Amino acid sequence: MTPAAIVYWGTGFAQVVLALSMLVSAWRILIGPRAQDRVLGLDTLYLNAMLLILVHCIRMSLTAYFEAALILAIIGFTSTVALAKFLMRGEVIE
Amino acid sequence: MIARISQRVFQQILPHPILSVALFMVWMLMSSPAGTGHATIALIVALLVPQVMRALEPDRVRVRSPLAIIRLLWRLFLDVLASNWNTARIVLGYRKRTRKAGFVNIQLECSNRYALACLAIIVTSTPGTTWVQYDRYSRVLLLHVLDLRDEDDWKAILHDRYESLLMEIFP
Amino acid sequence: MEIILAIGIGILTASGVWLLLRPRTFQVIIGLGLLGYAVNLFIFAMGRLKAGAPPLVHPGKVDTSAYADPVPQALVLTAIVISFALTALYLVVLLTARGITGTDHVDGHEAE
Amino acid sequence: MTPSLLEHLTILPIILPLMAAAIMLLLKEQRYKTKATLSLAVCAAILGTALLLLQEASVGGSGGSDTARVYSLGNWAAPFGIVLVADRLSTLMLALIAVVGAAGLIFALARWDRAGPRFHALYLLLIMGVNGAVLTGDLFNLFVFFEVMLAASYGLLLHGSGEKRVRAGLGYVAINLTASLFFLIGVALVYGTVGALNMADLAARVPYIAAEDRALFEAGCAILGIAFLIKAAAWPLGLWLPGAYSAASAPVAAVFTLLSKVGVYVLLRLSMLMFHPDSGDSAGLGQSVLLVLGLATVIFGGAGVIAAQRLERVIGYAVMASSGTVLAIVGLGQANALGGALFYMTASTLASAALFLIAEILVRGEDRAAIGSDAFFDDEYTDPFEADDVEEVGRVMPRSLALLGAFFALAALVVASMPPLAGFIGKLGIFIGLLEGEGASLPASWWVIGILTFSSFATLLALVRFGIEGFWKRDESHALAVRSPEFVAIGGLIACCVWLTIAGGAALSYTEHTGDWLTRPGDYVAAVLKGRL
Amino acid sequence: MNQALLLLIPFATPFIAAIAASFLPTKARNAAATLASAASLIGVIALLCLYPVIASGQVARFAVEWLPTLDIAFRLRLDGFAWLFALIVQAIGALVVLYARYYMSPEDPVPRFFSFLMAFMGAMTGVVMSGDMIQLVLFWELTSFFSFLLIGYWNHSESAQNGARMALTVTALGGLCLLAGVVVLGRIVGSFDMDVVLASADLVKNSPLYLPALCLILMGALTKSAQFPFHFWLPRAMAAPTPVSAYLHSATMVKAGVFLLVRFWPVLAGTPEWGYIVGGAGMFTLLFGAWTAVFQNDLKGLLAYSTISHLGLITLLLGMGTPLALVAAIFHIVNHATFKASLFMAAGVIDHETGTRDLRKLSGLRKTMPYTAALAIVAAAAMAGVPLLNGFLSKEMFLAEALQAPEGRDFSLMVPILATVASALSVLYSVRFIHQVFFGPPATDLPKSPHEPPRWMRFPIELLVLICVVVGTIPALTIAPVLGFAVKSVLGDATPYYSLSIWHGFNLPLLMSFIALIGGTTAYVLFGKRINRADKAWIVGRFSGARAFERAMRWLNISAEWMVLQLGSKKQQWRIRVLVIAAILAGLVAAGFGGLGMKEAGITIQRPGIGFTLIWIVASVCALAAAWQAKYHRLAAVILMAGCGVVSALTFVWFSAPDLAVTQILVEIVTGVLLLLGLRWLPKRSVAMAPSKTDFASRRRRAMDIAIATLAGLGMAVMAFAVMTRPGGSHLSSFLLEESYPRGGGRNVVNVLLVDFRAFDTLGEITVLGIVALTIWALLRRFRPAEESRGITEQRRVQDRHDKQHEQRQSGDTLRETMLIPSVVMKWTFPFIILLALHLFLRGHDLPGGGFAAGVAMSVAFILQYMAEGARWVEERLRIRPLYWIGGGLLITTLTGMASWLFNYPFLTTYFQYGSLPWVEKVPLATAVIFDLGVALLVVGATVLMLTAIAHQSLRTAREIEPVKAPEEGV
Amino acid sequence: MLTAPAHMPDLPMWAAIAVTALCIFGALLALVGSIGLKTLKTMYERLHAPTMASTLAMATIVAAMIIYFSFAEGRLTLKPLLIAIFLTVTTPVTMTLLARASIYRDRVEGREGVPKDDM
């Protein structure tokens, strides 16, 4: 077991866990019961996806995917904000 | 006189000095490994982008007491760890019976938007508490707590641990 | 990996097609969106699947087999943009139609 | 024009309108005059370019000296970059587009360009898209230009707004979005199996596709074909056409006649390039489908022409039928008849564009329900011997009505491909071409002839009905207000038809040589790839 | 004058006159008439000048190349028969013009009339003089077309409209058949040149294509000549002004059919098929026309049916197929033209002077119009076949030929008997015509008091009647030479001997003539009264060709409608379903039902990873759920769709497409916001409506849709799998990977593809984006939201009311409080997102990013501000002019592309240099960056324009509906 | 069996273990968060769960990344910190907005267990 192998397999496991986590949040999106639950589920999905990308960066030893995660971190909240605002006000931009 | 003029020129060039610094830092981080070229660009960006912010007319940020900031961050770090631990336990089903979630109304003292924003970030960053609603007139904050042992306890935590520090930072 | 992606594309397509055949404009737009994903992934799949080999070359001699096929990626990029634009357009048309005709049926009037 | 600019001639039809549209976006909306002038100038320039290219292409002659003008964008040679190819066929299309586009624009100057915002920009971009679609030699670039064309057409279809347009737009957009998805799937499969996007490159590779990949490749081509058949409005995929075209404002409908022809063009180009008889196992792929669908389209179009209750819809169905005609000829694989089919396509496109323009003038300000709502021959004939009350004095026709009537009659003759005008020559070319050589022994040839004759008859019948409705039954209270640009536009199109008739020899020889050129895809490939493979 | 020019004159002059006349002012009656008559006289003179040439048996020719590739030329060919016919056309044309000058009302816009008439004359001359079969068809259809215009000259009259349309429908259909026939004939012969065709009789008759060609050509001829069962259009065409009837329906157009038969006689005639079809049609028409004519109460009607009958006679003669019959036919063509034209003109005079054409009303006109009466009587006598008139001569020949009808057939006896009966009928209606109109007591209830017409109106009739008499009395001196070379030009060496003398001795034909004359007269005496009372023709009156035609047309119409309905659908669902099915079928058939060659290709599969499998379970669940929810839970559908988007972005990450992942995520976000903006204008769909229709039909439809969807999904999956599992890599991608850095100057091959190799695609792509933004913006300028979503939203109403109820609160406080914290963060992220955009933009060429991503990121920055503070607030502070951004972006990209022209490179050639500024390390300086800048600008503009255009609707409707008070009661 | 793919650079064992442990810990924490999202009873309780992923889980994975790439690229790589900063700042926005929206909706619909306040 080289260190590299440990990292590779460890991150692989982490990915599985994160994917599982995505599945669970998708479950919340699916069953609701209310709109805000779904929005929360989506937010979590985004979050997990971002973490997944980061882990993937490590696993592939490549920073090329980092920007995707960065974008999710910086402006990923836009869609959740829009959804929340839609729920709150009935319209996104007033 | 000269001082005032220079101050105004300074304000013209650097309307938001903290922002400029932050932008510079972020750019350097973003484009790491960054050499002198990126430093130049970062400088230009740090000078130019805040000019755009002028149009959006945000309230000026005044920050004091950098020491308080560090204390705050440290405290936050510890709390995040602790609350993560607690929340994870709750989620995983420990203390299922004794736990009671609920809302807490908290009277806040500070009214600085930035302070409030920081407080909101703090509250939300610690799993187990969520910022729900804030009334501008009565300055009452509605908080949702996952593990509501004692209302007053929470009020104290918020007041003593964070609000006071924040009021120190944002006068 | 291939089998998973293939099945995924299939499911996205099936859902998209099902929605595309529905009578409500909103269903159609969601269907077009799903189909868009499916088609984008389909084009992407045409470059074969290769993990950890983004087409970011290093100066010097290039071992072309060490990189993912860049062509489908470029095509998908173009397709993403275009399908985004057209989704927006269809959305506005459907809104206008809803406003003018008073129904959200794809025909602009309720079926008899 | 400097010699160096001449080299860039091929790309002018694409970037001139693009530039002009970009500049127009920077102009205030109220500056109609400036915009109109700019649009006209651009259209004139495109027309000029098209004619120059046409001249160049026609000089080529038939003796194998034909070649194609290849323009490598970004200086990247053929299989790797995108190339524009101006050969006989695309140049012909280019000229057709330029003429119809100019006519539509001039017509719009009378009033339509102010019926909604940013007409000129959208219009020019549509022209750009169509030009790009016929010029490009790259499959994916074709998709992009199709989208440019369609996006602009969505905008223009909805131009002027109104319930009818929005409702039509809803269907039109959905159908075409679906078609675009098919297009993408097809392109992807083609790339996935052949690994090429350039049409010439593809054509060169088709014979060498590994046997195990061929099924996938052909599936891709078939799906691609469906996408094009949708645009070409072949039955049963083109049912959207009459509704969409008849809902559009007149100048837009006029240029729309080009869109379905672009679908036909692409089918023609690709099937001739990739599935010519020497292309190995894929030779003749889908030809029988094209033939059957083409004929079905002609029949359906003919039936629609008779059944339609509004003139614009009649023209829409006629456009369908004319697409079907060309498709059937492509499907028949009779190279001799291709020239006639191309000639026919040119003439019928010009004339149906003119008819769309005339139709709009006729129904302008009238109660729609009243026009043509009755059945074909509505009631029993009034016997001329029993009608006593007829005052046997002719009515004076206003000049505008008379002139317009003449235009209508001429355009109707072309669309119905009745003698003596250009449509007739085209159809004659088809007939004669079909019966040349072995064609006469093919039952399909006879079917084609019969069905085309039927569609001519049906079109004539319907157009006569609407001509009578529009010109003879018109009472004086509905005076026609026709503005001079409108006359110029219609007159120009009609003049082109007449010119095509008189100079029929030269024109037909051009299209026949084009058909001949298309049957020699090797030359095209050689011109594009310049021997590199 | 040379021969070619002389040939051209009679053909071209009418057309020139037609064009000239159409430019005359509407009241220029005399000018138009002068012009027209001059034109026809010139034609007559030119033809007369050609007489020596023709009489010598030569054929005059003139040819201009027209469609060389099809071997079709413009050829004029004038032989004897054509000369005769052309002379008839031109001469009678001149007379009709003169007649029409007086006939047409002064109020009529006659220049139009004369223009059409001249054009018709030209077309007719064209038919006659055609030296090319295609050209013949061409002018043939032109005659149909101009006759349509002439019949419909009084275009406001419904009978004129219908008559014209029917005439055109029938004759044009015939013309189309003729065209097909001629093409077939040309195919048999190998040329369309009339000379060649006429010389290839054997070739044609032995061809297997003979029968189709014959049938098609006969369709043309019989429809044009109003032969049964296509006769019905002719009486309807009587709605035309009388000069038109006199010209078209007696002398010229209807003769075109028989002209054609004569023309092709040498090639086609003589076979049994020809005999049965042509002879049968002729015989039937002869009898039917004559019988019906007897019962007509309208002068023109009587003449019309009589014309039908006489054309039947000619056709019958031609059908007999013997040379002598042909002589008779040609002779009768000439005779009929003269007497029938004069009769029509006389009828016109009567109509003109009395105001009616009703035989039952007219009576005793010989008193008031003695001169006209005399002329009409002579002409009618010629029609009846009274000796010493021209009609007698040709009818004698006819009867003689009828007796010569081929023997050995069962009906050989029938022909002469029927011919006699037909002659008798012809006598009957002629007598009836004369007696009713001119004899008996003077009519009392006429609309006008009759008197003789103007001198020159009568002149044409006089002239024609004179011809009737002269030809009838001294045929040998008048018509014989002309007839001689006319016949010879058709028959050539086969010309038989015939005699045109009046007296051939007592023979059977003479007897038959007398039987006919006496029989006809007797019949009138016996049945005249009863015929006058009859409303319809006895026996055949119930059959109306017109009604049959009309029924056929209606059937055509209904079946067309039925077909359009059956073969198409107005329903969009149906249409899309067809598209999808077509695509599935196409894929299936082309791929040969699953024969994808998977085994042969050698499958290489990567083992599925658990993580990847799990995220695709997420996507699948989301997709299926979105499909399930989209109808009633739109928001849920949007969220679920976003879930799919995330997974597809992850897939791009997984398989080495960072650029795609970045773009997908960005687009995902913007699409989400866009859909939500749109959702505001879609009223809630109540679930209560859900179980409205779950009947069998809709359930079946759903089942079918599920099947289609499954099949489509399966197809895509299989195809994707099949491609993915075989070895990939193309010469294209290898080249791009190798050359990207050295020749494209960028390490990120995808980006280099986008801004360099395939920059043209990108240019098109951003154009699409720009167009769509423009369209959206244009469309929304006239946006009218759905009734239910007008005004402010329910949420806002509740919250505003709440704010109002509390004294210290102001309206909108709820919003302000809600956004208090978010807006701080959102505002301050603005500069950082700009930073991000800049970052993405600058690194694009070497690392994932690029202009498009930068643009979208930038636009998200704007959108965040809009969401934080509202549209009005933002626009007061930031002057965003998206249209300028779009225009500017397009301009920059295009100009960058054009810049390469300066260096004589093709459009969009990039230039790059690794610059090394003193204190900046190596940075790529490529023109592609400027191109990318244009892309970014446009993307920002377009995205912002799309989003704000929708967002502005809230402002607008809020403004519009503000005064409307929200309901007060209840929460 | 456990072999590393060729693209992986070598790094010290302790770093490898730290990276792996941090990753797995973060992932597990995120999973716990998601499980919370599924199991917790009310909307407001569920709001707390994903916060774990956005705080500690994110932090550990970012830390893992910093460690890994600092070794892999042979220099201190702080770029992942950006994610930590931005995520920390933006998450509260969504959370507070969502909480506010749901409390508004609950109040309007008159649901139980929500402080009445004034709406």
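Per-chain residue numbering starts at 1, and chain names A, B, C, D, E and F are given in the order in which the chains are listed.
Here, a residue touches a chain if its C-beta (ideal position, glycine included) is under 8 Å from a C-beta of that chain, and two chains touch if they have at least 3 such contacts.
This structure is a prediction, so every number in the text was calculated from the model and none was measured.
Any chain that touches subunit B and also touches subunit C is listed here: E.
Using mean Cα coordinates as chain centres, the one most removed from subunit A is E.
Nearest to the common centre of all protein CA atoms is the CA centroid of chain D.
The centroid of the Cα atoms in subunit A and the matching centroid in subunit C are 21 Å apart. Between the Cα centres of subunit D and subunit E there is a gap of 14 Å. Centres computed as Cα averages put subunit B at a distance of 73 Å from subunit E. Of all residues in subunit A, those that touch two or more other chains are 15, 18, 20, 22, 35, 39, 41, 60-62, 64-65, 70, 74, 76, 81, 85, 88.
Those residues of subunit C in touch with two or more other chains are numbered 20, 42, 45-47, 51-52, 54, 56, 71, 78, 82, 85-86, 89, 93-94, 96, 100, 106-107. Annotation for subunit B: residues touching 2 or more other chains are 26, 30, 120-121, 131, 133. Those chain pairs judged to touch are A-C, A-E, A-F, B-E, B-F, C-D, C-E, D-E, E-F. Within the complex formed with subunit D, the residues of subunit C that make contact are 20, 25, 28, 32, 35-36, 39, 42-43, 45-47, 71-72, 75, 78-79, 82-83, 85-86, 89-90, 93-94, 96-97, 100-101, 106-109. Looking at the complex, you find that subunit F touches subunit E at residues 86, 89-90, 92-93, 96-97, 100-101, 104, 108, 118-119.
Put simply, subunit B touches subunit E in their complex at residues 19, 22-23, 26-27, 30-31, 35-37, 40-41, 45, 49-50, 52-53, 55-58, 113-114, 116-117, 120-121, 131, 133-137. Against subunit C, the residues of subunit E that register as touching in their complex are 570-573, 576-577, 580, 605-609, 612-613, 616, 619-620, 623-624, 626-627, 630-631, 634, 637-638, 641, 644-645, 647-648, 651-652, 654-660, 663-664, 667, 670-671, 674-675, 678, 681-683, 685, 705-706, 708-710, 712-721, 723-725, 727-730, 732-734, 736-738, 740-742, 747-750, 753-754, 757-758, 761-762, 765-766, 768-769, 772-773, 775-776, 779-780, 783-787, 846-848, 852, 942, 946, 949-950.
Of all the residues in subunit A, the ones that touch subunit E in their complex are 12, 15-16, 18-20, 22-23, 26, 29-30, 32, 35, 38-39, 41-42, 45-46, 49, 52-53, 56, 64-65, 67-68, 70-72, 74-76, 78-79, 81-83, 85-86, 88-94.
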